[in-house]
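Please see the structure below; I have some questions.
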């Protein structure tokens, strides 16, 4: 049982690590600000959720897991809010996205 | 061992993000990168606790997340309104 | 009143989970701080349906589960587009109609869009969401209105009949 | 242990990079965020050194309050740095290097990190603090017990100083926040 949980948390942590780095690469590769935001959201969601889930499996049913849940919930609520505020501010400041299709 | 892998990945991501923060080119790219770097520090502190075998100090991560969010939103508000946006908020139509 | 009670219970739970020390004096201080915060919030007049959304509580787990699935799918998709060598993005901007009746519902809708990688709400004004998507496919998915429907179901008062919503 | 050292080096080099970026950027909004980031990084460093209480304070004050104060200041002044002539930057560099050298020289007098024969480890009060704390005061954390109770008067003095400083800053900024704005004048 213990080995099973350990393996699962290994997989989760490794997956989180992978997605986190992929998002970082995306931050460098993507052509303009708005597409970079999508790359950032990969590290912010998949990387963060998988990593914290892996840590939760390690901690078991303790207060530590409760705190991890809070950290995760908090990040899940605030990070899209911050991203949205950023995108809106950029658009209002006149930074035009490079788009292939504009269906506004 | 597995925490080590996680923390190395976080550090590498931090480095990539830092490069973007330095390159810019717009202010918003920098702010995006810095905000992302902040959430990475939250993860860093969380994994660090497990790496050192003392995971009780996750409150720190929670506080970091809070401060990072407040920092980003206040910066954006100041950039837009020049103050905390009280005047504009009372006049503009609410934007949800 | 029930919102104030909900706030007190929520804050007390948070405090108990974060504290981890259960001695009388510490518990007393915690109780005092919870009640004081509730009093201040009450005086500021910010304890209402919007800040303490009790009515969402029952349906939220199911919605979170569905949203988690969406996030997993789109993460995989965006990660592939980042890593694969050739350029596989076609950034698109679409205007979506947010049909939610409350501002809270619209905010949840916009935040759900932003949380899923590949789509970001750029602006939300009087029920119109302007969304930047990394590919045209993502944008057309969004225009399907599935998420809009689900958030609308989420905010419906508990026990209300399931109306069939017409899509424009 | 080696990972700790490696992480120390990585964090310190990140801090150096961020510091460099702060010095080079002209638009001060990202600079305000970068100083916040610098604080978060140094707080991570404190966590690594097992000084969690210091890390908490650093994060709250350095990254939280300072950022907001910087931004409030930008509300009163301009958010772009004025270019400084090269001769003056050289003077600044010299002063900074000198201060840094003095600090490094002073740190040589400090006991080695984690060594056992420092006053902190050998002083007789240490045993009392650590062993009788739970009987004498009902505070679970040793640092909190010392700061809040054993050295309560000392801390009270500190809090008074910080509080006064806070009020002073708020008065400085608050006066300007409530000055009549152009739009108000137009309405009159």
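When the chains are written out, they are named A, B, C and D in that same order, and each has its own residue count from 1.
Note that in this section a contact is a pair of C-beta atoms (placed from the backbone, for glycine too) under 8 Å apart; a residue touches a chain by one contact, two chains touch by 3 or more.
Keep in mind that what you see is a predicted model, and the values were worked out from it rather than measured.
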item	value
Maximum centroid distance from chain D, chain identifier (CA atoms)	C
Pair exhibiting more inter-chain C-beta contacts, A-B or B-D	A-B
Centroid distance [mean C-alpha coordinates] between chain B and chain A, Å	11
Chain B-chain D separation of Cα centroids, rounded to whole Å	18
Separation of chain B from chain C, taking each centre as the mean of its C-alpha atoms, in whole Å	20
For chain A paired with chain D, centre-to-centre distance based on mean C-alpha positions, whole Å	28
In chain C, residues with contacts to at least two other chains	18, 20, 110, 123-124
For chain B, residues that touch 2 or more chains besides their own	14-15, 31, 35, 56, 59, 62, 68, 72, 79, 95
Sites on chain A at which at least two other chains make contact	23, 25, 37, 63, 67, 70, 79, 81, 83, 88
Footprint of chain B on chain A - complex, ascending	9-10, 13-14, 16-18, 20-21, 23-25, 27-28, 33, 36-37, 40, 43-44, 47-48, 51-52, 54-55, 58-59, 63-64, 67-68, 70-71, 74-75, 78-79, 81-83, 85-86, 88-90, 92-93, 95
Chain B residues within the chain D interface of the complex	4, 7, 11, 14-15, 18, 21-22, 27, 30-31, 34-35, 37-38, 41, 44-45, 48-49, 51-52, 54, 57, 59-60, 63-64, 67-68, 70-72, 74-75, 78-79, 82-83, 87
Complex contact set, residues of chain D against chain C	138, 140
Complex contacts: residues of chain A adjacent to chain C	19, 22-23, 25-26, 29-32, 34-35, 37-39, 41-42, 45-46, 49, 63, 66-67, 70, 76-77, 79-81, 83-84, 87-88, 91, 97-104
Touching residues on chain D, where the partner in the complex is chain B	3-4, 7, 10, 14, 17-18, 21, 27, 29-30, 32-34, 36-37, 40-41, 43-44, 47-48, 50, 52, 55-56, 59-60, 63-64, 67-68, 71, 74-75, 79, 177, 181, 183
